[in-house]
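Right, one structure below, let's go through it.
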Amino acid sequence: MPLLTPDARGVYPIAPTPFYPDGRVDMESLDRMADFYMASGATGITVLGQMGEAPKLDAAESLDIARRIIGRMPVPVVVGVTAPGFAAMRALTQEVMAAGAAGVMIAPPNTLRTDDQITGYYAQAVDAIGADVPFLLQDYPLTFSVVMTPGVIQRIVQAHSSCVMLKHEDWPGLEKISALRRWESEGSMRRISILCGNGGLFLDFEGERGADGAMTGYAFPDMLADVVRLTAGGQRDEAHDLFDAHLPLLRYEQQQGVGLAVRKYVMMRRGVLTSDAQRKPAAQLSAKARAEVDYLLARLARHDPRAAVQPT
Amino acid sequence: MPLLTPDARGVYPIAPTPFYPDGRVDMESLDRMADFYMASGATGITVLGQMGEAPKLDAAESLDIARRIIGRMPVPVVVGVTAPGFAAMRALTQEVMAAGAAGVMIAPPNTLRTDDQITGYYAQAVDAIGADVPFLLQDYPLTFSVVMTPGVIQRIVQAHSSCVMLKHEDWPGLEKISALRRWESEGSMRRISILCGNGGLFLDFEGERGADGAMTGYAFPDMLADVVRLTAGGQRDEAHDLFDAHLPLLRYEQQQGVGLAVRKYVMMRRGVLTSDAQRKPAAQLSAKARAEVDYLLARLARHDPRAAVQPT
Amino acid sequence: MPLLTPDARGVYPIAPTPFYPDGRVDMESLDRMADFYMASGATGITVLGQMGEAPKLDAAESLDIARRIIGRMPVPVVVGVTAPGFAAMRALTQEVMAAGAAGVMIAPPNTLRTDDQITGYYAQAVDAIGADVPFLLQDYPLTFSVVMTPGVIQRIVQAHSSCVMLKHEDWPGLEKISALRRWESEGSMRRISILCGNGGLFLDFEGERGADGAMTGYAFPDMLADVVRLTAGGQRDEAHDLFDAHLPLLRYEQQQGVGLAVRKYVMMRRGVLTSDAQRKPAAQLSAKARAEVDYLLARLARHDPRAAVQPT
Amino acid sequence: MPLLTPDARGVYPIAPTPFYPDGRVDMESLDRMADFYMASGATGITVLGQMGEAPKLDAAESLDIARRIIGRMPVPVVVGVTAPGFAAMRALTQEVMAAGAAGVMIAPPNTLRTDDQITGYYAQAVDAIGADVPFLLQDYPLTFSVVMTPGVIQRIVQAHSSCVMLKHEDWPGLEKISALRRWESEGSMRRISILCGNGGLFLDFEGERGADGAMTGYAFPDMLADVVRLTAGGQRDEAHDLFDAHLPLLRYEQQQGVGLAVRKYVMMRRGVLTSDAQRKPAAQLSAKARAEVDYLLARLARHDPRAAVQPT
């Protein structure tokens, strides 16, 4: 498998982990989901992130899932290796890289505060996983409570050539993209790939600011791929029209805590997952919430036929 | 002036404070803004909140602004009295209530953690301002880092008859509205007014869940009033159609830190404010951001003629 | 091995993990340390806590250490199983209980805020490890940023008979001990063992308030055992005299971040550890800090001959 | 009055605000306390800090207290002007400087995270109060949750010549003092005064590391003055002997939340304050806690006759 490079672009969905209602990993749905992502235009994939319920999997399950996806999707596979200690991070990294992963994703522990603490942490992480393993810096203050200035990202990028990508999900974050791209063009920062998360809430403008695409779990990765393509092709109005049609649902999905439940439910309605089950502990959708999602899907179907799901 | 009551409903805009570019309070724009809110269908108004740049005003300015609005808008005026200590909270409350305010808004200090700390704080606040002053509980974890369960809100409401309203801006928060309304109907909680903030990001569903309206600073309060009215009248699709047309801009405004800059800019473009100046310290809009807002306004104007602003 | 019970008392040292300077686990020192703890009057022992550098150990190393201690110390061995997910917590618990551990220690994740979140987390943990495994509730707001009221501890104790011990390290915390003991005597809470951590900084009064002993890593567990014994025997002045003699050093050890470096250094000076090496990442003692510790040891030796270490 | 300068040294007690049991400010005790501080060897004084219950005072009371102390104590008076906004900070600064204060103390708001946010905040504060007003940087992560690296302090000191003093209360903090003094001697940082807070818990070593003295509210400022003098005079053992005798009580005082109650109680026992009353909201000492403090005082009196207080 080729390694992750700084010129990665397109859409890397953040994959959930399918479960049966009894809690076992649903490998059939995993395969179907992999195929669905490929058909949706995915140019890569990220597994074992928070949305993948990674902390609820044991070590063997985690590795099985990573291997299955690597074997089935002919695109770069990024694996989340965030761990409470560097020993576990190193061990998981070695396993998944040996299995053919393209790179790893590292989120900062939520205790980091100062600039030096953040850059120091990533220096230690690189020391642990090896400077030859491409990694992705996850910048998500809303979830991790770690605030990285553009200058801190610059320091990490300049210090470690193995930092090839930013998972950009700061909010607000548009000016951060502009700042990083300006530094790159001025020559004060090495070029990296910037893929945007945060549920895709600002994807309509992020591409225009210089992002290379999306890395998020919205249940319509096909829409994400279209928006990225339209933006890259200069079809601004068309990109916004499509994005705006999805925004009511996308916004509904982008709710801390219950977002995964919404996504699994929509992916079940779309026929990708057999069940929307999560392992415990998990936030559940109320009957009212499911009805709201159904209503949003029905409204969306007027603009995007892909939302015309089977009635339950 | 009548006092704020638990049956308040409709739209209470959160008012910004207009400044001239040189930093003086712009009383002319303040008057124009007051008239604009009335014409937009406001059923009340909230001044001196965070969005009103209250901490940048001195005591005399704060009181002037409150009095001017009270004198000009024939609807209940809520005044933010959040303060680092109860002495200042008491003093400001007495002044604005004497000037004719309908009630006060109290946000929790961001050091509160446990349920008892939160209920204890509000008990002390009531002790400070007096049990005869109607107050509004502000529940905004994203900004204040204080997490209130529905049960904590219930305890505060049951303990203090002067708690007449919840400014609901938890996120996700739809189930919280449902829980509170269920307790009310079961008789385990007194009825209070629930007006929704958080930029209005879920207003399309909040009314359906039982909220009484909106209390937020989105620069199209006329749209907020329409959505609240349509929802209350059972015109669900029409409410969502209008809301969805505004969602791209509304979402753009709802960015922590720069949101106020966007709002003032739009209100200036709409002719309400003479300038979009903020007092320091303030996040500024870049040229690119202004162009993005202009683009969103132009797109919105296709669906809502109120967005057809003069070219700059 | 007998299981941990609510009548545990005495001193359970928190064991560091000895390393060679090259980073390998130093099993020889581990054995010597185990013998040292027994000779010091330990009535139990806790391994793989934060001070044991657990996150820097891989799974095999962790289990080796737990087994070695279990095999060598004829007292209850508590094992830290705090993990980012319940799958890992369950797996480690099953392994160490099978190996003869007496119980496990569970710290709360630092994202918990409300009372219900805390009690909910421990309900899920019990579900994961099994209701038959005795566990210890770690209450350390300074490190974990989770604030547990006495009422929350009461709820957890009442809900789970397998909660047999509180590692009490709230600060200030004396009134919490008194509150819990009062509820026990009133019959509104089941009796649990309370062992005190927080570096032992208030051990002189904690026993008088009703605590059963100490669970902390101060490098003179023999002193901790003496103070617990003197307090239990009603020799108040003698207990305080001994404690006060140690307080300057104990206070110096109780520094977040560098505390472990001080402890390992003192244990090396006492001849227990061959090296004071830590695995990376680790805070190091400066030459000045080492000299300060030496000075404190020399001063302490005037009162307590156990502090008369060999010159370096 | 002369202004605060970077060569300030000695002991600046943090003054509590004396109240009568009915809540009124006790000006008689305030005078007695001022005289007591002078007799104790104070070389300056700080009023209206957190320990002075500043947020519970209204504006007129605050100014009265500042003026009374300024009029009575012939040493530099530092006034806390920390406020939720720069308008209030500017107003209070102008008033107290006009009244003869020597400088002001500014704590960071607890929302600051990144290095740039911290330095940016102090730049704005200097802009607000004027570059001619000497100010003191308060570095107290335990209370404010703001972590300042030595490098951030250096940036603030180099950017603002009016930053003349650091209230050093980081914990652990000894290496920070050494780092700052090293930079000063290397010429990369301007010399500032460093006075140590954090209850004085490490004062025995802080002077040896280069601090100029203490700024804390321990109820025996006479001991603080002696320790600073002995350390400065090279009488190391004598300094530590005296400090160690006080450490059990000092440690008891240094408890977040109840510390002020202990201090006011001891100052009442020493005859300085008529009452140990605090304004609400306030943590109270239980009967057991008062007995513990009495016991510590009695034990201390064996070593330091100043602790031989009248029986209650």
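Going in written order, the chains are labelled A, B, C and D, and every chain counts its residues from 1.
As a working rule, contacts are C-beta pairs under 8 Å (C-beta built on N, C-alpha and C of every residue); 3 or more make two chains touch, one makes a residue touch a chain.
Because the structure is a prediction, the values reported are computed rather than measured.
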Labels of chains that are neighbours to chain B and to chain D: A, C
Set of chains adjacent to chain A and to chain B: C, D
Equivalent interface positions on chain C and chain D, same or different at half: same
Most distant chain from chain C by Cα centroid: B
Centre distance in Å when chain A and chain C are each reduced to the mean of their C-alpha atoms: 39
Centre-of-Cα separation between chain D and chain C, whole angstrom: 33
Chain centre separation in whole Å, for chain C relative to chain B (CA means): 48
Multi-partner residues of chain C (each touching 2 or more other chains): none
Chain contact topology (line, ring, star, complete or other): complete
List of chain C residues in touch with chain D within their complex: 171-172, 174-175, 178, 201-202, 204-205, 209, 240, 243-244, 247-248, 251-252, 255-258, 286, 288-289, 292, 299
List of chain D residues in touch with chain B within their complex: 54-59, 61, 83-88, 90-91, 110-111, 120-121, 124, 127, 280-281
Chain D partner contacts - residues on chain A that touch it in the complex: 113-117, 147-149, 151-152
